[in-house]
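Shown below is the structure under consideration.
Chain IDs A, B, C and D follow the sequence of writing; residue 1 opens each chain.
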Amino acid sequence: MAEIEFREAIRDALAEELERDERVVVFGEDVAAAGGVFVTTPGLFEKFGPERVFDTPISELALAGAAFGSAVCGLRPVIEIMFGDFLPLVMDSLVNQASKYFYISNEQASVPLVVRSAVGAGGRFGAIHSQSPVTWFQAVPGLKLVAPSTPSDAKALLKGAIRDDNPVLFLEHKRLYSLKEEVIGHGSEVIGLGSAAVRREGSDVTLVSVMKGVHDCLAAAELLASDGIDAEVIDLRTLRPLDRGAIAESLSKTNRLAAVEEGPRTGGWAGEVLAVAAEESLDDVDDLWRITTPEHPIPYSPTLEDAFLPGAEAIAASVRARLGVAAGRS
Amino acid sequence: MTRAQAAKPSAVPDREEALELYRRMLIIRRFEDTVQDLFLKGQVHGTTHLYSGQEAVAVGVCSVLAENDRVAGTYRGHGHALALGVEPQGLLDELLGRATGVCGGRAGSMNVIDLEHRLIGCFGIVGGSIAAATGAALALKREGGVAVAFFGDGATNQGYFHECLNFARVFRLPAVYVCENNLYGEFTPYEQVTAGEIRARAETLDISSQTIDGNDVFGVQAAAREAVDRARAGEGPCFIEALTYRYVGHSRSDPGRYRKPGELDEWRARDPLIRAREAIGDTAEVDRAVEAQIAQVIENALAAPFPSPDPDAREFKDG
Amino acid sequence: MAEIEFREAIRDALAEELERDERVVVFGEDVAAAGGVFVTTPGLFEKFGPERVFDTPISELALAGAAFGSAVCGLRPVIEIMFGDFLPLVMDSLVNQASKYFYISNEQASVPLVVRSAVGAGGRFGAIHSQSPVTWFQAVPGLKLVAPSTPSDAKALLKGAIRDDNPVLFLEHKRLYSLKEEVIGHGSEVIGLGSAAVRREGSDVTLVSVMKGVHDCLAAAELLASDGIDAEVIDLRTLRPLDRGAIAESLSKTNRLAAVEEGPRTGGWAGEVLAVAAEESLDDVDDLWRITTPEHPIPYSPTLEDAFLPGAEAIAASVRARLGVAAGRS
Amino acid sequence: MTRAQAAKPSAVPDREEALELYRRMLIIRRFEDTVQDLFLKGQVHGTTHLYSGQEAVAVGVCSVLAENDRVAGTYRGHGHALALGVEPQGLLDELLGRATGVCGGRAGSMNVIDLEHRLIGCFGIVGGSIAAATGAALALKREGGVAVAFFGDGATNQGYFHECLNFARVFRLPAVYVCENNLYGEFTPYEQVTAGEIRARAETLDISSQTIDGNDVFGVQAAAREAVDRARAGEGPCFIEALTYRYVGHSRSDPGRYRKPGELDEWRARDPLIRAREAIGDTAEVDRAVEAQIAQVIENALAAPFPSPDPDAREFKDG
C-alpha cells in the first residue's frame, strides 16, 4: 500500500482533473515552471503545457478576475493564491461576482472555479502569512468552502471541488503538506462537498474541527481517554455548506460540544457551529463552547506562536475544565 | 484632448448597414428616455445610469463582433446590452423588476446578464468589466473569440485596469478594452483625478492603442474592426479610448452641477444620432419603427407580472 | 427641540471632529465638492478646504493604503467607501495592515483611522450595492465595527470612532439616512465603542439587532405586544467589541433570544450572538435562534427584495412560531 | 535593460561619507550572511528573504533622508532597516523571535517596524510598501517630510502600484518610489510577466522617473538626493528604478534554478561592496569593526530571552 503526502494528493488531484477534462486550467504565481512554493504543482506544467498550466504576474486582482471571466466562458480554472492572507485581493471577484452569478443571472450559468490557498499558523511565518481566513468567506451564499485534514480527503475533495459547478475556496493548511497517509482503494475517489466525517467515535463530548485542528483534536482525544473521557471527533471538511446533520447527530449522543478553531473566537466559524447546535439541538445540549486562539494577531516568535495556538494539550485541558474533571483522574 | 485631435476620417458603410447602426443607436436613445421617464414615475427602482449621448461607442464596437465573441459592460450598461441585440423587452422588464426580465428581475439595471446575446454581464464594480473580459478572453482564445470590456475614464484609476491589461498583454489575450471617456467619473472631472494621458497607460503596457471620436459611429466601427481583427489574429489585446459625453446625470440624483458652462450644448451639437443622420440622409422610416417598437415594449413591460418570492431559490447550482 | 436627520448627524460629527482636531482629514470619492453621493458630507470641503477634505480617484486600494499610512504617520483619516460592497478592495490594508499594526509593532503605535461605508438592502440597488458585509470583518482582532441605528447614536459613535486610537469600520445603513430624531441634550456627546443599548425593555423574549434591524425589531415588538408577548430589544451598536454582558443580562431575564440579521444565516454575526449566549448563559436559555435573510444574493425586484428581508412582520411571526403563540391570541 | 544603459557617472562623496556608505552596506551583507547561517542552523524560523547583492539601493537612498522622512520596506527588508540605522542587535533579536527584538518577537523578519528609526514597516504583501508610503506622504506633506517606498519589479504588476502612483501624482505627494529591479519575482523572470518597461509605467503617470545602476551606491545616492529634494520641494512624487540582483534564493527553499547561466557571476563581478571599495581604497579598519560588531550581535542575540506568552496581550489600544 503506497503512502501519499498531502501535497502529492493535491498535485495528483490536479493532474487527474487536467487529464480528464480539458476545460480545466491551473494558474497562479510560480505554480508552473517552479512547481509551486509549497511544491504542490510540480510536473503539471511539463505534462500539460503552457496553455493549461501557467505562471502569472503578481496580480491577484487579475488572477481572480481571469478565473471568474474564464469560468463564465467555459473553462474550469483552478487558481492558486499563495497564502490565504492574500485572499482580500481576490475577494471582490470571488464574492461580488463569481458567487452571485448563478443567482442573479437567473441561473443562466454558474461559475465553476476553484481558488486554492495555503493557510494556517505554526510555521513562524508571522501575522500576515499565517491566517486561516475562513470567516471572511463563510457568510457568502454561492461560495463553497473546503478545508480538508488528510491527504486522501484533500485529493477526493479537490477533485470534487473542480467538478463542482460553483465557485469553491479550497484551503490547504501549511502544516499538513508533509502529512503522509496510506492510500486505501484506487485513490481516484471524488467527494462531493458538504459532508463531515466522524474521525473518532466517542460518547462524552464532541470535538469539531477542520484541517490541522482535526489532528489536534484526535491527539487531545487520546489524552482525554486516559482521563476516562471518551471524545468524538468530527472533521467538518466543508465549512460551507456546513453539515448540520452531523453536528446534531453527534450532539444527540454526547450532549457536549467544543468547536476547535485556529482563529480568534469572536466572529469565527466555531461560533457558527455553536449557533447551529443551539438553534437546532438545544434539548440535547448540556454544554457548548469554543476553543480558539486569543483575540490578537498571530505572533512570530516560536514561544508566542506555540502558546497562541490551541494544541492537543490545550484542547484536552479545556475539555477537562469544562467537564469538571482533573487530569489523569481515571 | 479635444474632439478635433481625436477625429479620424471615418468610412461610412453602405446605406443599409449605416441605417442599421443608426437604428440601434436610436433604440438605445429612446430606451433610455423611457427609463428616465419611468424612473421619475417611480416604476424603475433603485438607481440607473443612462447611456444617452454615448450610443455610438457601444453600437460601433458591437457591430463588428462575431458570434463567439463576448462583452462585459458596466452599470451604465443598457447601451452595451441593446447594441448586442439584447431584447429591449427583456431589458426593460428587468429594470422594472418583472418576472419576464432577462434575469427574472433578480439582477436589475446594474447587473444585467444575457449570455444568449453574448453579454457576460454588466458590472457594478468600477473596473469589474475589465476583469471579467480579461478572463473571458482567456477562455475565448481557444476558439478564436474576442472579449470586449467597456468601462469609463474613472475605471482607469482602478487596480483592475493595470493588472488586467498587463495580464492580457503578457498572455496575448484576445481582448479589446474600450474606455468610454465621458469626461467625468460621477461628479468629478477626469483630469482632476487622472495623472497623465489615459491612452498612454495602455500604450506603456505595449498594447496597441488609439484615441477616437466616440460620437462618430462609423469611426468607432472602423477602429473597433481593426482592434477586434488584431485581437482575433492572435496579436494580443488592443485599447480604444473613445471620447464621448453623457447627457444626463451620473445617476438619478445628480443635477450635473459640475458641468462646465456650455459643455452640454457643445456635445449635443455633436450628437451621435444627428451626425449619423447627416451621413445617411432620410431616416424617417427607422424613426417611426423604433418609436412604435419602444411604445409597445413599454406597454408590455408595465403589464408584465412581478416575480413571486421563491422560498426555494437556490444558493448553489446542483451537482 | 431640533430634529436631526441621520445623514446630518454624520456630517455634524465629521464637522465637529474636523474642527476639534486638525489631524482629522476626510477623503473619498465625491465626498468633497459634491458632498457625498448619500449627501453625508456637504459643506465640509467649503469649510475645511482641500487639505482636510478631498475627492480622490476611484482607487479604493489607494484610498485604504493612504488612510493606513497616514494614520501611522500622525493623521486621523476618515475615508468613505461609497458602498459596503466595495469593502473587499480595502480589506487588505484594513485587515492585514491597520488592524495588526498595534500588536505586531509591539505597541509602538496604533492606527487611528475610520472607514465609513453605506450598507444594507431595501433600496432596490441589487446584489452588489446592498450587502451588509459585517461578517467579512467581525473576526478581525484589532478592528472595531460600529453599526448605529439612530441619528444621535450615529453622531456620538462616529465621534467616538474618530477619537478611538484603533481602526474602525463604521457602517451606515442606507435606509436610515433619512431617519429623523429629536435631539436631546447639547448634541455633542461621544460614545465609546463597545456598549449595547436596550431600546425596549421586555420580559418574554430578547430581540438583538443593529442598524435598520433595530427598528424592525421595535416594530415587531409592538406587534407582539398585542399578542401578549413582551419583547426586549437590544441594539448592539458595536459588533466588535461585542457587548457580551448585555446579551447575558437580557437572557437572564427573558431566557429566549432571537438575533435578527440583515444577511445570510450561515456565518453571520447573529451566529456569534447565539454562540456567546450558548457559551456563557446556557443555564438561562430556553430558546435561541436567528432571523436572517435566505441564503442567496440580494434580489433586485421589489417583490423579491421585500420578501427577502426580515421585516417586522416576519420577525413577529418567527417569535410567535418559536414561542408557540398564534397571532392575535391575547 | 542592461547595466550599461542605466549607468550614469556617479559623484563619489568625500572619503568619510563614502566610508560610511560602505560601512552600512557591509553591515547589511554581514548581517544577511549571519541570518543565512542561523537559518540553516534552525535558529531563525519561518522564512527569510535576504538583501545580499542589493545593499547599494537601500544605503544610497536612506543616506539622503532627513529626520522627518519615513520609509516603507518589504519582506526583503533587513537592508532597508539597517540602512535607516535600525540596530542590528534589535533586528537580529527580532528574527530570532527574542523578547529583545525591535518588535518584541511579535513581528519577525517580514514585518519589522521601528518607528524610532523612521521605518514605518516592512510589508509582506507585495505592493504593501507602496500603499503605506503613499499614506505616509499624505501625512508628511504637512511637515515637509518625504516618504520612501522600496519594492520589487514584481510589485509593479500589483494594483497598488498603479493606484497609489496615480494618487500620489494627483495630490503631488512627497513620495519617492524606489523599485528594486532584481530581475526576478520569486522564481519568475520579470520580463516574462511584465508588459513594457517598468520605468515607463511611472513616466506615463507624469511622474519624474529615472532608471539607475542599483549596484553603484554613489550613483544611487545622487539619484535619490535629486528625487527626495524634488519631492520635498513640493514637486510631487518621483520614481527610481534601480537595477540590481539578489545573490541568494528568493527565500530559504529556493535553489535558484531559474538563473541564467553565468548571470550570478556577472552580477557578483559588479558587487556593490567591491565597487565602493574600488572607489574608496583601503577599508580594512571598517571591515574589522563591522566584523567585530556583528560577532557581538550574534552572541548577544543567541543569549537573549524568548518572550513569555502574554495571556493579556491586547487586541486594541486602550482608549
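What we mean here is this: contacts are C-beta pairs under 8 Å (C-beta built on N, C-alpha and C of every residue); 3 or more make two chains touch, one makes a residue touch a chain.
Just so you know, these numbers come straight off a predicted model, no measurement behind them.
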Intersection of the contact lists for subunit A and subunit C: B, D
If every chain is reduced to the average of its C-alpha atoms, which one ends up farthest from subunit A? B
CA centroids of subunit C and subunit D: separation to the nearest Å works out as 41
Intercentroid distance (Cα basis), subunit D paired with subunit B, Å: 45
Could you work out how far the Cα centre of subunit B sits from that of subunit C, in whole Å? 36
Residues of subunit D that contact two or more other chains, please. 104, 106-107, 111, 125, 157-160, 163, 166, 170, 192-194, 313-315
Tell me, which residues of subunit A touch at least two other chains? 56-57, 59-61, 85-86, 89, 92, 96, 103-104, 126-128, 141-142, 241, 295-297, 299-300
Could you tell me which shape the graph of touching chains takes: line, ring, star, complete or other? complete
So in the complex, which bits of subunit B are touching subunit A? 70, 72, 102-104, 106-107, 111, 113-116, 120-121, 123, 125, 128, 130-140, 142, 145, 147, 159-160, 163-164, 166-167, 170-171, 313-319
Contacts from subunit B onto subunit D in the complex sit at residues 157-163, 165-166, 169-170, 192-197, 200-201, 203-207
Which stretch or stretches of subunit B touch subunit C in the complex? 45-47, 97-99, 101, 104-111, 124-127, 154-155, 157-159, 185-188, 192-194, 253, 258, 306-311, 313-315
Residue numbers on subunit A that touch subunit B, as the complex places them: 25, 51, 54, 56-57, 59-75, 77, 92-93, 96-97, 101-110, 141-142, 144, 164-166, 192, 241
Looking at the complex, which residues from subunit C come into contact with subunit B? 29-30, 33-34, 37, 55-61, 85-86, 89, 123-129, 294-297, 299-304, 306-308
